[in-house]
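Everything below concerns the one structure shown next.
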Amino acid sequence: MSLPSRRRRALAAGALAVVLAGCSAGSGTSEPSSGDPAEAAPSTLAVGLAAEPASLDFTTTDGAAIPEALLYNVYETLVKLDSESGEVVPLLAEDYEVSDDGLTYTFTLHEDVTFSNGDEFTADDVKYSIERVQSEAWTVSLKEAMSIVGSVEVSSPTEVVVNLSEPSNDWLYRMTTRIGAMFSETGVDDLANTPVGTGPYVLDTFTRGDSLTLATRDDYWGEAPDVEEVTLRYFEDATAMNNALLSGGIDVIGTLQSPESLERFADDDRFEVLEGTTNGELVLSMNNARPPFDDVRVRQAVRHALDRQAILDTTYAGYGELIGSMVPPTDPWYEDLTDVAPYDPAQAQALLAEAGVSDLNVAFRIPNLPYAVTASQVVKSQLAEVGINAEIEVLEFPARWLDVVFQQNDYDMSLIAHVEPRDMTIFADPDYYFGYVDPEFQSTLEQAGTADSEQYVELMRQAARQLSEDAAADWLFVLPNLIVAEQDVQGLPVNRVSESFDLTGVTRA
Amino acid sequence: MLVQVLRRLAVFVLSLVAASVLVFAFMAVLPGDPAQIALGVSATPESVAATRAAFGTDRPLVVQYAGWVSGLPVGDFGSSYVSRTAIGPQILDRVQVTLWLVLCATALALVLALPLGVLAAARHRSASGAVVSGVSQLGIAVPSFLAGILLVTVFAVRLGVLPSGGWVPPAQNPGEFVRHLVLPVVALGVVQAAVLTRYVRSAVLDVLREDYVRTARAKGLGPLRALARHGFRNAAIPVVTVLALQVATLLIGAVVVERVFVIPGLGSLLLDGTANRDLLLVQGVVMVLVVAVLLVNLLVDLLYTVIDPRLRAG
Amino acid sequence: MSTAPDSQPAAQPAPVLGARGPAGRRRATAGLLIGAVLVGLVVLTALVSFVWTPYDPLQVDSTARLLGPSGEHLLGTDKFGRDTVSQLMLGARTTLFVGFIAVGLAAVVGIPLGVFASMSTSWLGAAVMRANDLLLAFPALLLAIMFGAVFGASTLTAMVAIGIATIPAFARIARSGALQVLSTEYVLAARAAGRRRVGIAVRHVLPNISGLLIVQASVSFAIAVLAEAALSFLGFGTRPPTPSWGRMLQESQEFLYLTPRLALVPGIAIAVAVLGFNLLGDGLRDRFDPKLEDR
Amino acid sequence: MTVQQHLRKADPRDHRGANRDVVLTVDGLDVATRRLPLLTDVSFRLTRGERVGLIGESGSGKSLTALALMGLLPEGVHAEGSVRLAGADHDLVGASEKQMSWVRGRRMSMVFQEPMTALNPVMRVGKQVEEGMLLHRTQDSRPAARAAALDLLARVRLPDPASAARAYPHQLSGGQRQRVMLAMALANDPEVLVCDEPTTALDVTVQAQMLELILEASVERDAAMLFITHDLPVVATVCQRLLVMYGGRIVESGTVEQVLTRPRHPYTRGLLAASDLELVDEAGRLRTIPGTVPAAGQFPDGCVFRNRCDHEVDRCTTFPPWAGQQEHGFACWNPTGEDVRA
């Protein structure tokens, strides 16, 4: 079986989404003796995170936890995504140029960059790294984004030219993700345990089920980060993570899992609460491929039946933002589409009557992730108001949910956050679990891919609106990024729009 | 007596084999292809097939079982489908953690339950005995995870005297090791102590009513001395039985407490493995837990023959 | 002779004195009474929930989130705006349901196995008890996690797992009780009279061990309630939106700082049920266990 | 002060003269739970070397009397009255645990009914025998105690005492265990030996040997013995005097000859009739006492036996006073046989 490349990419997006969205690979953690506030030197930092990496090799192991820990910190890319502005900015590339036809990218590299194993970073490594993504060495599905690259030419040790086989508005953006990470040919022997990159940090220790410690290295090419030692501690349990912060076990909660407890921290002088945004759209999927949701009126009825603000209030204590389509507010083509299908139970009932359905029973198969469990109960209750009985069935995430909903598409309704950046494209995939097939939407996206940048934004906007009007799904809200930190910790990545928990700008006063 | 020990050992080995078959067979029913899961849902069929071959999951189940079980005695549990690392060392790491937890909790339970149980029995008519009985009843009724959560809230969050959770290996920092161990051990041990207290109480009460204790008193031994010299060893038999059952409960209770206190022990490994469908890992952990329980049962059976000469008869 | 009163002095020891004399008996009765009242309370709550709850326990009301206790909502509302009292009542139902099915399963399988093992003289009886011992090595939580992994976690898998893990307890009690009964003279007499084994099991053994079994059932029930709570806490038990006390506790964890009431209410409910069943079991044991009676 | 003088002082009512030393005086012993009287006004004396039988049906209070003497009453059961032991300057009733510990096993020891349960199953027999001697320091070292224990085991005629000493109780037969019990009771040469149905649980063949041993032991040591049994032939063999107990009271006393041949109390008569296998009633059935022993607290007011008695008269609703002497008398308004009152 050979899937069309877009399908693979789309699936990849989904797979990634579900992993990042959940607590898939989390585990226990411990607090080091240095976690004691009295002993804590200013140059160390302990950050609590939810999902633990299953291994340290993101070339063969899926999951958001690995790039979260390693990207930009241990591995660097030619260009990175600025967490404040959401823009693509140079990193290892001092500068880059794009040809007018959008096919040729010329990167000028920084000099005197070395890998943590001592090897020098040159244009050869760029060529090696990009070609390695295309080779069998990479097995994770995200590699498909690199298939667009036709050739890589090294013109000097500090200059490299990448030729695309077709123009893409997306490729450079993808280069800010893990597939753009730069490897050394001599440093890929034991990626699962010994990552070798050009970043300011090296892996110090990785205690499975517990924590991962990064330490700065002396020969970093750029400005050394302020915090010399960062420990990433993994908590399966949200309450345990909160308690760790309250009792001094950690300094930062990287992503707060229990929004209701935020008030506790907001009231406490010791802590600062940062509210940012993410790429995670909470998608209430409806199986477009089979009744009753093959009827657009039924789908629209569901959208009208839902009071999304109430869902947001219950699920995330009101943090997060209502959207209305598959676009987070940080994307350039975002527009507020919440008025396309406002909360209007009467309208919902009218639509259902028009579609000729009554006493609707739908299988609502959700993953056992906290937000999904909470949100689904509100959804169920609201749907009951308009006469739709949603039978909630909780499936274990990832394995069973992926199997039943994602692969077999055996569901009527589901609910999961898709956190992959710029992932509206998944709706263009007819084989995706949404079952949404619309040639017009597909062609709009296709045009957008090769259009010039202004047109690109306009076409994407148009596509998003069409999705919303077709009620291909419902978009409940975009997940908030909630960070709680001790007052003296500054420069944390407030918005989670890249794959990295970027520690390079963090300082302790 | 030797015959008996040998027979008991044979039963133990047979139980191990039966347990391994059960565990393996059960895990083999799990839906989902490990290779598919490891590669992510969008992997190509070719790479899935290759991975399947690498995992060995394309072989017949019997062959897989034989391969798996033959590695167990030497601590080879195979390699994780998810992290691609050897499972044996991981389990070994985690076992040490859980073992500390379970042993300390057992010790705490014993230290609390023996005197309290004897007190409750000796004074079972007086107020102090009734108080001990009542408190132990309440102690049993509180789920250990709730106890854990409350302990953290009070001692770690409110008072800040102890860490809220986590683990420091004893070799790294003995002081911190102890500090981190206190709350989970209390959460696990106190509930067990409550259960044990009641068994000690009833065992001692039973023994106090035995003729031989009266005989001892007729010889001139005071009530406490009669109990100590003649009662304890006899009371030990039911108590040891319960203790054995409790070690099993503790191992499993540790799963819950490890979750509450974020301790990287066998329990969290089991839960992670389950969530990730790390089939071999789960299989390995379950097997280790089951072996531990069977081993405790074996030890207890052997202990019986030490305590009770009546069981030594050939 | 049979009509004349028996003056053989060795006849019956007078069950007069007890190490647990009148006072001990009184306390045991008090425990039994408290246990029965607590269990009755839980059962009554569950029964009432079938016909009446103050509010629809599943009715989400985002305008009534996290309300404190008031005349309208006696114990307040949770984050969904659901009435805690109503949830609690429905939770009692779940708790009892899990207990009944689990204990019932264990009894239905365990008791015949135990009685069979006690009467069987062939290797099969020994094998049954060995298998039983082996099952002891799989505690309820472990089984439930395994079941959850294979079949997907649900109330059903939790119940079945708890039930299976409880089988050995029943089998053991049934076997040891049956062995005692089988060695009594009236059974020997029945055997001598040619009664078949099944007949003996039904006529003599079961009625005589029923007391022991009821005690075991009560104690197992308490354990099942705790196990269900622990499983729900770990996410291997009852699934939403069905309320259960364990799930209420788990859901309320994040409110521990601000609204500890939400965690305490189901916590207390669990403790009450467990305490009730344990006290009931203990009280019944004092009633049924002849060992505690004489001397 | 000699023991004799001491005793006289302790019990001024001793009117029987000094031809024998009184070692144990029980006077007005009442035993009761908080609500139920169990023993009422039990009085008797044991003199040195005297063997007294205490007979009656089960439930009449015999074992309880023995336990009361030893101060081993079950919890919740209390004694009142007086139990005085020669050489002890305190009353055993109400004595402290410490005082009683000094008495038990040293001055007064007891052989229990049930040899199967009265020995500690997890302690070697030898040790159990040694224990009492070491406790009361009658042997000052462990080796001495061990030697003494072996000697005792030999004297109770256990075959191969050395291996018996190493054995655990379950490895011995019932008869052997009862010998061990006896050895334990004799270890410190007590002045009073209380035997609570020591042969009831034994095979008939073993019973005779055991009785012989007990008899021998008490004669050898000149120890007073209270021998509890329901078995009249046994009593006739072993004892010199008899106490008949019913409903927690002593209803008749006298020498074996007096009581067994000229019973005055209808209850005694009933007991004798029931144990005589040759005596049959008109229908040819064995004689029995009608009715059964009531449970404690269920005895009738007045004479405790009147509801089973075929001699009942009006006065029986009040308890009859003791007629005759303490050593020979009865408590009945309407006695059988010769009327001592007349």
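Note that the chains take the letters A, B, C and D in the order they are written out, and that residue 1 is the start of every chain.
Rule of thumb we're sticking to: a contact is a pair of C-beta atoms (placed from the backbone, for glycine too) under 8 Å apart; a residue touches a chain by one contact, two chains touch by 3 or more.
The structure presented is a predicted model; accordingly, all values stated were derived computationally and were not measured.
J.: Between subunit A and subunit D, how many steps is the shortest route if every step has to go to a touching chain?
T.: Steps on the shortest route: 2.
J.: So which one's got more C-beta contacts, B-D or A-B?
T.: When the contacts at B-D and A-B are counted, A-B has more.
J.: Specify the chain most distant from subunit B by Cα centroid.
T.: D
J.: Taking each chain's centre as the mean position of its Cα atoms, how many Å separate subunit B from subunit D?
T.: Roughly 53 Å separates the two chain centres.
J.: Distance between subunit A and subunit B based on Cα centroids, please, to the nearest Å.
T.: Measuring from centre to centre gives 39 Å for this pair.
J.: How many angstrom lie between the CA centroids of subunit B and subunit C, rounded to a whole number?
T.: Averaging C-alpha atoms per chain gives centres 22 Å apart.
J.: Between subunit C and subunit D, tell me the centre distance in angstrom, where each centre is the average of that chain's C-alpha atoms.
T.: Between these chains, centre-to-centre, one finds 48 Å.
J.: Using the touch rule from the top of the page, what residues of subunit B touch 2 or more other chains?
T.: 31, 125, 149, 153, 157, 259, 271, 274, 277
J.: Enumerate the residues of subunit A that touch no fewer than two other chains.
T.: Counting only residues that touch two or more other chains, subunit A contributes 239, 396, 400.
J.: Could you list which residues of subunit C touch at least two other chains?
T.: As it turns out, subunit C has residues touching two or more other chains at 19, 23-24, 148-149, 253, 256-257, 295.
J.: Please name which positions on subunit B make contact with subunit A in the complex.
T.: Going by the criterion above, the answer is residues 31-32, 37-45, 47, 82-85, 90, 93-94, 149, 152-153, 156-157, 160, 162-168, 172-173, 176, 180, 258-265, 268-269, 271-272, 274-277.
J.: Quick one: in the complex, what on subunit B touches subunit D?
T.: 125, 210-212, 214-223, 229-230, 233-234, 307-310, 313
J.: Using the touch definition from the top, list the residues of subunit C that touch subunit A in their complex.
T.: Answer in residue numbers: 58-60, 62, 65, 79-81, 148-149, 152-154, 235, 239-241, 253-258.
J.: Quick check on the complex: what are the subunit D residues that touch subunit B?
T.: Residue list for subunit D touching subunit B: 70, 72, 75-76, 97-98, 101-106, 109-110, 112, 114, 117-123, 131-132, 135-136, 168, 170-171, 181, 184-185.
J.: Which positions of subunit B touch subunit C when the two form their complex?
T.: Going by the criterion above, the answer is residues 11, 14-15, 18-19, 22, 26-27, 29-31, 124-125, 130, 137-138, 140-146, 149, 153, 157, 205-206, 208-209, 245, 248-249, 251-252, 255-256, 259, 270-271, 274, 277, 282, 286, 289-290, 293-294, 297.
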